[in-house]
Amino acid sequence: MPKPLVLLTQAGFVAAVFAVWQAAITLTLVDPTILPAPATVFAALAGLLRSPDFLSNAGDTLLRIIAAFLIGAPLALLTGVVIGENVNIGKSVSPFFNLVLAVPQSIFLPLFTLLFGLGFTEKLMFGITHVFFVVAVNTVAAVRHVSHEHVVAARSFGASRWRIYRSIYLPAMAPHVMTGLRFGMIFNIIGILLAEMYASQTGLGVLLMQWGESYNVGKLMAATIFISVMTIGMNEMMRIWEARLGRWQHSANRE
Amino acid sequence: MSALTPTVIETRKLRKVYTPNDIAVLALDDISFAAEEGSFVSLVGPSGCGKSTLLQILAGLISSSSGEVLVDGAPVRSPMPGKIAVVFQDATLLPWKTVIENVEFPLEIQGVRSAERRQRADAMLSLVGLADFGGRHPHELSGGMRQRVSIVRGLAQNPRIILMDEPFGALDEQSRLKMGKELLRIWSKTGKTIFFITHSLTEALFLSDVVLVMSQRPGRIVDVIRTGLPRPRTYDMVGSAEFGAARNRIWKLIGGDQTDADAGLTGL
Amino acid sequence: MSRASLIRFGAIAAVLVVWEAVRRFNLVGPLLLASPSDIVAAVVQSGPQFFRAFELTALEILAALALALVFGIGVGVAAGVSRFLGAVSGPILSSLFAVPLITWYPLFMVWFGIGSPSKIAYAVVSGVFPIALNTMNGIRHLDRRYLVYGRSIGCSRLQLVFRILFPLALPSIIAGLRIGLALIIIGVVVAEMLASVGGIGFLITSYRNIFEIGHVYLGILLSLLFALLANLALSAIERRFTLWRDLQASVT
C-alpha cells in the first residue's frame, strides 16, 4: 500500500470533517448556539490560551496529573517487579489485580469523595489508583517476558546481580513497561478529569461542566478539542518511545 | 489418446504473466494438455515452478494471461463448482462446522435441498469409513482423516474433475502411502477424473496413468509420461526397473542434478 | 456440597462478618463505610426506586450496545476486508483511543440534552472503538485459505462474508465486545453520575450528596453486579460459538 496515499486519505478525512462541519453552519442546518462555526471555536481557543483563568485551571489539572503519575508509577513498577519475580506472591495477588483491572475504576469515584473529600488529595488518590494497577500488571508481564535463558547464560558468565538487571532485565522489560506507563497515563488523565468534572473547585474538568451547563458552546468545544489533541499528541509520543525501545525485539503485532 | 474416450479437461497454450513492481515475470508458458475421462493425471515439478498457479487457473480462481482452459468443451473463467472440485493441501475444513456439515456445505452453496444433502454427505463419509465421525469437529480428527473428509467433500459436489493440490503434503510418509492407496480405492470406485499435483516423483508415478512433467519457472510441460503400470497398483511396483527408469527420466527433466544457476531461474 | 465450595462460602461469610464488625465497632466511620446491614436497609427502604432506576440505566445500556455493535462491526468489517480502508482507519482508530472521552460528555449534553440520548451517545462512542478495532483485526488476521476454498465452491461475495468470514472473525469480535460492553456500562453509569435526571448513577450521586452512604454503596454494588452478569453472559455466548478456536489452537 503506497504510504503517501494512505496519509493523504487520512488528512483528507480530517479535512472532510471540517468541511462538513462548516457546511452545516453555512447552510444553517444546525443551530449555531448548539454548534458554532469552526472559526468561532478557533477564536475561542485562541482566547482561552491567553486567558489567565483558563491557564490557571489547566495548570491545576496538569499538576494533579503529573503528581499522580510520579507517585503512582514508581510504586507500581516496584510492586510489579516484586510480584513478577516472586512466584508465590504473584499467585496470590495476581487474581486480585486482574479483578480490579476488569472493573473500570471510574465507578468508585463517589467513594473516593467520601474518603478523601473534594480537594487535591482526593483527585491525587483517584489518579494514583488509575495509574497503579495497569502499570503494575504490565510490569509483571514485562518481568515474565525476560528470557530465562539469557539470565542463566549471564549468570554462567559470572555477571553480578546488578549487571544482570541492567543489561538483560531492563532492555527486555522496557517496551512492555513503556506500554504500561502509556496506558497508565491515559487512565490517569481520564481519572483526574472525571474527578474534576464530578466535584471540584478548580481544573479543566470543572470548566467543561460549567460551560456545558451554561451553554457556552464556543469555549466548551475549544477546550474539549484542545484536551483531545493534547492527549493524542502525548500518546503518539509515548508510542514512538515504546517502538524504539522494542525495536530489537521480535514483535509479531504491529498496528 | 483414444477418440472414444471424451476429454474432460483441456488446456491450450496457457500463459500466465505476473507484473509485480512493473517487471514482467513469466510464471507459466505454453501449457497444453488434455485429460481423458476417468483418468488419473499427475503433475510433477520442482518447487516454485508454477504448479499451484496452474491449478488456480484450472479451477477458475485466477485468470490466465492468454490461452484457455476447457472443461467439457466450455471455457473456464470463474469457479464452476458443479464441474470442478478442488482439494487443497491444507484440508481447510471449516473448524466451526461438524464433519458432516462440512461435507454438506458445498452442496448447500449449490442449492441442494436439505434431505438430499444429508443423504449424499452420509454416502460420502461411508465411502471412506468415517460415517461414525459425522458429528465430530475437524480438530478431533487426525490429519489423514481430515484429508479424507476434504476429498469426499469435493466428491460430494459430483464434479467432472477433481483438482488436488499436493493434498498429502502435510502428512508424514506413512500416512502419505496409506492415503495414496486410499485415494486409488476411491478413484476406482467412483471413476472420477483426477488431476493431482505433487512434487513427489514416486507418488506421481505410483498413482497415475499419465504424468505431466513441468520445468522450473517459467513452467512448461517438458514431458508427458504414460506410466503403463498395471492396476491395482502395489508397492513392489515402486521397486521395479521400469519405475526406476521413469523416475530417473523425470528427475533429469526437472533439472535434478543442476544447480539453480544452470537452470536459469529468472523470468523474461 | 463439596469441600471447595464450603470453603468458599465460609470465606465469603467471614468477610461479611468482619465487614459488619468493622462498621459496628466504628473502626471506620459511618460517612465512609456502609456495613452489609446498611446496604440491606437501603434495599428495604428504597428497593422499588432503585429498580426503576436500574430499568432506565439498563435500557440506555442496551440501546448504546445495539448502536455500538452496528457501527463497530460495520466499520470493523469494512476496514478488515479492504486493505486500503484498514490502513487508513486503523491508525486513526487506535490514536483516538487515547482521548479522554468523558471530556466530550458536556458537549453531548449540550447537543442531546440532559436525558437519555446524551448518555447513549456517550456510551456508544465509548464502546465503538474496541469493537471496531477488534473486528478489524480479527478479519485481517484470518487465514485466507478458507476464503479461497469458499470461492472455489462458488460462494458469492455475500456468502463469503456471512458464511465464512464472519464465523472465523467471531472470536475477535466477541473479545472486542467484552471490552466495549464494560466501557458502555460504566460509561452510562458515570454519565448519569455527572448530570442526569434518572438512572442508577443519578441515584448514587443524589444519595452521596445527602450522605446516605448505604444507598451509595448499594448503587455501586448494583452497577458492578450488572457488569459482572453481562460479562458472564458474554462468556457463555463465547463458549457456545467459539469453542472450536481454542481446541483448534491446542491441536495445531
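Things to note:
Going in written order, the chains are labelled A, B and C, and every chain counts its residues from 1.
The criterion applied here is as follows: a contact is a pair of C-beta atoms (placed from the backbone, for glycine too) under 8 Å apart; a residue touches a chain by one contact, two chains touch by 3 or more.
The structure displayed is predicted, hence computed values, not measured ones.
The most centrally placed chain, judged by C-alpha centroids, is C. If you compare A-C with B-C, the chain pair joined by more contacting C-beta pairs is A-C.
Of all chains, the one whose mean C-alpha position sits at the greatest distance from that of subunit C is B.
Put simply, the C-alpha centre of subunit A and that of subunit B have 55 angstrom between them. As a whole-number value, the distance joining the C-alpha centres of subunit A and subunit C reads 20 Å. With centres defined as mean CA coordinates, subunit C is found 49 Å away from subunit B. Across the complex, subunit C is touched by residues 59-61, 79-82, 84-86, 88, 90, 92, 94-96, 105-106, 109-110, 137-140, 157 of subunit B.
The touching residues of subunit C, counted against subunit A in their complex, run 31-32, 83-84, 87-88, 90-92, 94-107, 109-111, 137, 182-183, 186, 189-190, 193-195, 204-205, 208, 213, 216, 220, 223-224, 227, 231. Remark: subunit A residues 1, 5-6, 9-10, 13, 34-35, 102-104, 106-111, 113-115, 186, 189-190, 193-194, 197-198, 204-205, 208-209, 211-213, 215, 217, 220-221, 223-224, 227-228, 231-232, 234-236, 255 touch subunit C in the complex. For subunit C in complex with subunit B, the touching residues are 145-146, 148-149, 151-155, 159, 163-164, 167-168, 241-242, 244-245, 247-248, 251.
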